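To keep things simple, chains are lettered A, B, C and D as they appear, and every chain counts its residues starting from 1.
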Amino acid sequence: MKALLWVPFLVFPALVQSNFILSIFIFSFILAIAAVSFNLIFGFTGQLSMFHAAAFGIAAYITSLTASFFHVSFWLALLPAIGFTILISLIIGSICFNFQLRAFYFAVVTLAFSELARLVILNWNSVTNGTLGLMVLDKPFVWAPGAGLIKIDGVFGWYFFSLAALIFTVAVCSLVLGSWIGRCFAAIRLNEDLAQTLGIDTFRYKLLSFTLANTLAAIAGSLYAFYTGYIEPNYLGINQSLDIISMVLLGGRSSILGPIAGAFVLTGLPHMIDLSGEARAILYGLVLILTILILPQGLIGTLASWRRAA
Amino acid sequence: MLQLLVGQTLNGVIVGTLYGIIALGVTLTFGITGIVNFALGEFMMIGAYVTWYLFDVAGLPYPVAIWPAVAVAAGCGFAADQLLFRFTRNNLINGLLVSIGLISIIEAAALLLWTTTPKDMGYVLSGAVRLGGMSLPKMKLVVFALLAAVMFLTYAALSRTWIGRAAYAFSQNPEAAMLMGVRTQVLQSTVVVYSTALAGFGGALYATLYSLEPSMGGLYILKGVEAAILGGIGSLIGSLAGGIILGVTEAVGSIYLPSAFRDAYGLIFVVAILLYQPSGLFGAER
Amino acid sequence: MRRLIWSLGVALAASPVAAQNVVKIGQIEAQTGANAIYGYMSSQGLALAVNQVNKAGGFKVGDKSYTVELLASDTRGDPKEASIQLKRLLETDGAKFVFGPFLSNVFVTIEPYAKQFNGKFLLMGGATRIHDFIGTPEHDFLIRTWNWDAGPKGFGNLMVDRLVKETGAKKVAMLFQNDQGGKVLVDIYTPLFKEKGIETQLELFEPGTKDFSAVLAKLAVGKPDILFPSYSDAPLYDIVRQATEGDYFRKFFLVRGSLGPGLKNKDALDDYFVYVPKYFEQAEKTDPKIAKFVADYKAFYKRDFPYDQAPLCSSSCYDHLFMLIEAMKKAGSVDDVAKIRKELLAMTYDGLWKIHFDEKGEEVFNFDVVRMKRGGQISVTSVDVQ
Amino acid sequence: MLLDVIELSKRFGGLSALSDVSLSIAAGEIVGIFGPNGSGKTTLINLVAGIIAPSAGRILWKAGEIQGQRPHAIAAAGVVKTFQNPQLFLELSIYDNVAIASHLRLQRQFGLSRLTELLPWRDTSQRVQVADAIDRVVALCRLEGVRDRTAASLSYGQEKMLGVAMAMMCEPELLLLDEPASGLGEDETRTLEEVLRDLRDCGTTLCVIDHKVDFLARIADRAIALQQGSVIAEGAPGKVLRHPRVVEAYLGRQHARA
C-alpha cells in the first residue's frame, strides 16, 4: 500500500523535463536520505547526534578518494567508506553511551568529534587538498536488464538513481523500526530506566541506532559527492547538521516519511520564491521556531493527526 | 621562549574571561530554566554593535555608551524570553533548536543593518604596558578587570541577595524551592534576562578589542558552552575557570602546534573532561 | 510561488522564452554566509549599473532598444544552491550572460554543467580556479573578470619586485586565513618569494579568529622583516592592531584588503605596503567618473560609500556591464554570444578602470600601489600593465 | 537458595542507607519486606536489581555473584523489579507497553533467529506467539478492558497493574515488587493479591516490599523487617509483626506521624 506513494515520483520526469526542477528533486532525494537516517537516532531513539554531517562528509571524501586513487568503481569505493563509518560510529558511540552521556552532553561530544573530523580533513592538504576541495570526475555505473551497464550521468539517470537509493533507505528504516529493534528504540526514547529493568541492553541498541543512522548517511554523502562532482570540508560543517535537523523537525520526527517532506520544502522553497539572502535566513529561523512551538509533530505528523480528527 | 610562554598564558587568561562571561550566562540559564541558550552569542553581538554605534557614530563617551548597550541586549533578551524561551522551559532539545532559529534571525537582521563589511570601533585605550619584554595591551587588562569584577559580583549576589538564594535553591531542588514560595516564572525570566545582559556587557567590552562582524556570535557561544562544560555546568566559579583554561589552552596550544588547529585544542580538552569527570572540573557530582 | 508556476509552465512548454527587448543578466554570487565578501561587493556594483542603464531608458543595438533584467540569486557560497540557480538561469530564464561566481568551490561545481552550454552563454566570473580552465577547449564561455596575481602580466610579481626594491625585505612572515582565499595566496606567493630569494614563514588561522596575539608572537620569534597578513579586512583590522600594540610587527605587505586597517593604526606602524586596484580616496578627487560613481552609490544604497574593499569588485563589475553592452552594440546583436565575446576581447574599456582582456579572456587592469609610512603620509604609484 | 544477599551495604555520601544486610529467598515463596520510610527497603531492591551498585557485600543469584552488573543483565538472568511509582511508556498503548516488555521472552525463545523479522518477507509466527503471550498477561492482570488505551490515560491502580504485567512479561523467576499496594483502594488491593497469588502458582518467586503491614501479612509466607538499614526481625509474618522491636520502631513512628 505504502509503495503506491512512490508512483508519482516515478512518472514525474515524464511530465517535467526541466533540468532545473529535476535537479531540485535529486538534491531533495539525496538530502532526504540523510534526514530519514538521522531521524533513526534523533526521532526514534531520542538522541540528538551532531555527528551526522560528519558521517555524511567523511564518507563523501573516502568514496571519492578511493575511486580516484585506485580507479575503482563507485560501488567498490563505497565499501571502505561504509566500513570506516561503521568503525568510527562504533568507537564514538561506545565512548558516549558507555559514559552515560545524556541529551545535551551527547550532543556536545558528538559535535566536538565532528568538528575534529572537519579540522583534520581541512588541514590534511596532501590528501584532501584542504579547503580548496576535490573535484569528483567519475560517475557510478549500474546494470539494468536489457540495457546492460549504464553510466549514471545527466539529470534523468541521477533522478532515478537517487530515488532508488531513497526508497532503499526508507525500506531499511521501516523494516528495522517494524521489528523488535524498533520497539527497543522506542523504549529507550520514552523511558530508558524502565527499558533497562525490562532487560533491554540500552547501550547495545543506542549503539546500533547511531551506527545504522551514520551508515545510511554515509551512502547519502557518497551520492552527493558523485552527483555534484565536488567535495569540500564544509560538508562536515555544523550548518550541514543543522540543515538536516531542520528538515526532520519540519517534516516531523515521529514518522519515517516526514523528513522527506522536510527535505523537499527546505531544498525547493528557496528556488521557488525569490528572497534576498537575509530575508531567507530570517524565514528559515522563523520556520524552525514556529515548527517547534506550534507544529511539534511537523508537517506530516500534523496532517496525519488532522486526518485522524476528521 | 619562556617570555613568549608566560606572555601568551597571560593573554590566554584575558581572552578566557570573555569566554567565561558567556559561560556564566550558559550556566545560569541551564541551572534555572533547564535549557542551553545558544543565542547568547547573538546578544553579545547586539551589545557590541550598539556600543560601536553609540561610541563611533553617536559620539558618546565610552563609559556612557556601555550601559545603553547592555540595556538593549537585556531588552532583546526579555523579548526573546517572553516570546520563545517561556515555552521551552526544561525542554532541552526544543530550547536548543529554538535558540538556533533565533540565531539565524538575529544574524540576518544584523546583516541587513550593518552588512558584512567589518566595523572597527575607534580605540578607547590604545598602547600596551611592557613588563620584562612582554607587552600586554592596556585595554585588555581593563577588560579583564571589569569582566572578573562582574563575575565575582554575580557570585556574591547569588550568595547574598534573596533572588540569588532563591535561584540557588531552585537550581538545587525546584519543588522544594517552589514550596518555599519562589515564584518560578519570575525567577526564570530574571535569570534569562540577566544572562543576556551579561552577554551584552561582554559584547560592549569585546568591541573595544576586536573588529565586529554579524557572525561573531556563533563562534563565542561555542567557546562559552565549551567553557561552561569544562568548569562544570552549574558552577559559577567553574565557568570563569573553564573560560580561562580554554583561553590558555588555545593561546599556548597555537604556540607549540599549528595554529590552524586552534579550535581543536579546546574541544579535545572538553571531550577528555566529559569522559573522566562528566560533571566538569568544579561541578557537583550529579 | 509565481516563479514556480511560471517555471513549471515553461518547463512543460520545454522552450525557453526570450522576452521582447529585454536582455537577461544572471548573477550567481554569495550575498550572505562566511565567504560572502567578494560576491556581496560585486553584486552591489552590478545592481547599480543595471539600475542606471534602465533609468537611462535602456540601450540601442541596431534599431532596437533594450532594457536589462537582472536575475540575481544568493548562493550563500553553497555549490548546491549555485548549481540549481545556474540551471534555472540557463534553461528556465534563458539568460545568455551570467556574472559570477567569485568563489572557486562554486565554480568547479558548476563547470561540468556549464560546459554543456559552451557557445550558448558567457560566464563572467572572478573565481581563481577559472584560471585553470580558461583558454582550454569547450571553455569559450569563460571570461575571468578579475586580475590575476600570478604569471608575467600578473600583479603579484610586480608587487614582490617592488617590495624587494623599496624595503629590501629578506624574510616574510605569512599569516593567512585557512580557507580558499588563503590557500590560493600560499600557492601563488610562496614560489614568487622563493624566486626572489626571500625566506618565508607560514601560519594559518581558522576563519572567525579574533585574537591573533599568540600566533603573531610565534611568528615574531623568527624576526621576519615584514608581515604579509590575510586578505580580507575583517581579520586585518585585528591583526594590524594587535601586531603593533603587542610590538610584534610594524611593517605590513598586503595584496588584498584595503588601506583602512593601516590608517587606523598609522601612528603605530612603520610601513604599510598595499596593492589597491584603485586608490579611491585619491581618484575621487582627481577623476570625475569615480566621483560620480561614489555619489551614485551613496544615492542608490542610501548609505555611506565603504572605502575599504567594496570599490574593488563593485566598481569593476559596474564597468563590466557597460563593457558587455558596448560589445553588444559593436556586435550588433544581444544574443550572438560568440560575436559578443570576440568584441569583448577586442576592446580596451576606459571606465572607472582601464580594462582589457587577454587572448584567453582573462582580465588585465592597471593598479595602484599605495605605501603608507608612520604618521600616515602616503605615496601612490600607478602601475600600467596594459 | 534462589537469592542470597550477604552483608550488603550502601552509603550515599555520608549517610548509610543499608548496612550489613543479609537475607535469602527460596524458590517459590512470597517474601514480604517491610519497614518505615527510609528504612532502606527500596535501596535493597534497587541493589538487587542492579539499578545502583553496592558499597560492600555480595549478592548471589543461584550461587553466582551478580552485584554490580547492569540492570538489563540481571533482568535477563531472571530478576525483575517494578517501580514504586509506576514507570510506563506513557505515549504507547497498554498492548505496546507489554509488547516492549516481551523483549527478553523473544530473546530466549528465538535468539538470533529474530533477525528473520528483518526480512521483507518476514515470517509472522514469532509475532503471533508473542501476541498470545501478551494477551494472556494482559488478561491475568485484569487489563483486557483497556488493552488499546494509552498508558497515560490509566487510573493509578491500573498503572500499578500494568507495571506488574510488564514485569511478568519478562518471565522473571524472582519478581521484586516495590510497594505495589501503596495508593491502591481496597478492591484494587484485593485484585492485586489475587494476581500475585496466581503469579506464585505459575512458579514465580515474589519479594514484596511495602509498609502496608496488613497487606503483607495476608500474602507473605515469610516477613523481614528493616529499620534504618538493617534487619531487625525475620520469620512468619504474624510473629515478626508482634516482635517487640518492630512494634516499637514501626508503630512508634506511626504514632509519631499521626
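Just so it is clear, a contact is a pair of C-beta atoms (placed from the backbone, for glycine too) under 8 Å apart; a residue touches a chain by one contact, two chains touch by 3 or more.
This one's a predicted model, so the numbers in the text were calculated from it and none came from an experiment.
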{"item": "Any chain in contact with chain B as well as chain D", "value": "A"}
{"item": "Topological distance between chain A and chain D, in contact steps", "value": "1"}
{"item": "Centroid-based (C-alpha) most distant chain relative to chain D", "value": "C"}
{"item": "Between chain C and chain D, centroid-to-centroid distance (C-alpha), Å", "value": "74"}
{"item": "Rounded Å distance between chain B and chain C, as computed from the means of their C-alpha atoms", "value": "37"}
{"item": "Centroid spacing, where centroids are CA-atom means, of chain A and chain B in whole angstrom", "value": "33"}
{"item": "Numbers and ranges of chain B residues touching at least 2 other chains", "value": "108, 111, 258, 260, 263"}
{"item": "Contacts with 2+ other chains: residues of chain A", "value": "122-123, 277-278, 281"}
{"item": "Per-residue multi-chain contacts in chain C, two or more chains", "value": "32, 36, 178, 204"}
{"item": "Every chain pair meeting the contact rule", "value": "A-B, A-C, A-D, B-C"}
{"item": "Chain C - residues contacting chain B, complex", "value": "32, 34, 36-37, 40, 178, 203-206, 208-211, 213-215, 217-218, 221, 233-235, 237-238, 241-242, 245-247, 260-261, 264, 268, 306, 308-310"}
{"item": "Of chain A, residues touching chain B in the complex", "value": "48, 95, 99-101, 103-105, 107-109, 112-113, 115-116, 119, 122-123, 242, 245, 249, 277-279, 281-282, 284-289, 292-293, 296"}
{"item": "Contact footprint of chain D on chain A as seen in their complex", "value": "171, 175-176, 178-181, 183-184, 186-187, 190-191, 193-203"}
{"item": "Residues on chain B engaged by chain A in the complex (per definition of touch)", "value": "36, 84, 87-88, 92-94, 96-98, 100-105, 107-109, 111-112, 225-226, 229, 258, 260-261, 263-264, 267-268, 270-271, 274-275, 278"}
{"item": "In the complex with chain A, residue positions of chain D that touch it", "value": "49, 51, 70-73, 75-76, 80-81, 83, 87-92, 96, 99-101, 103-104, 106-107, 114, 117-120, 122, 166-167, 169-170"}
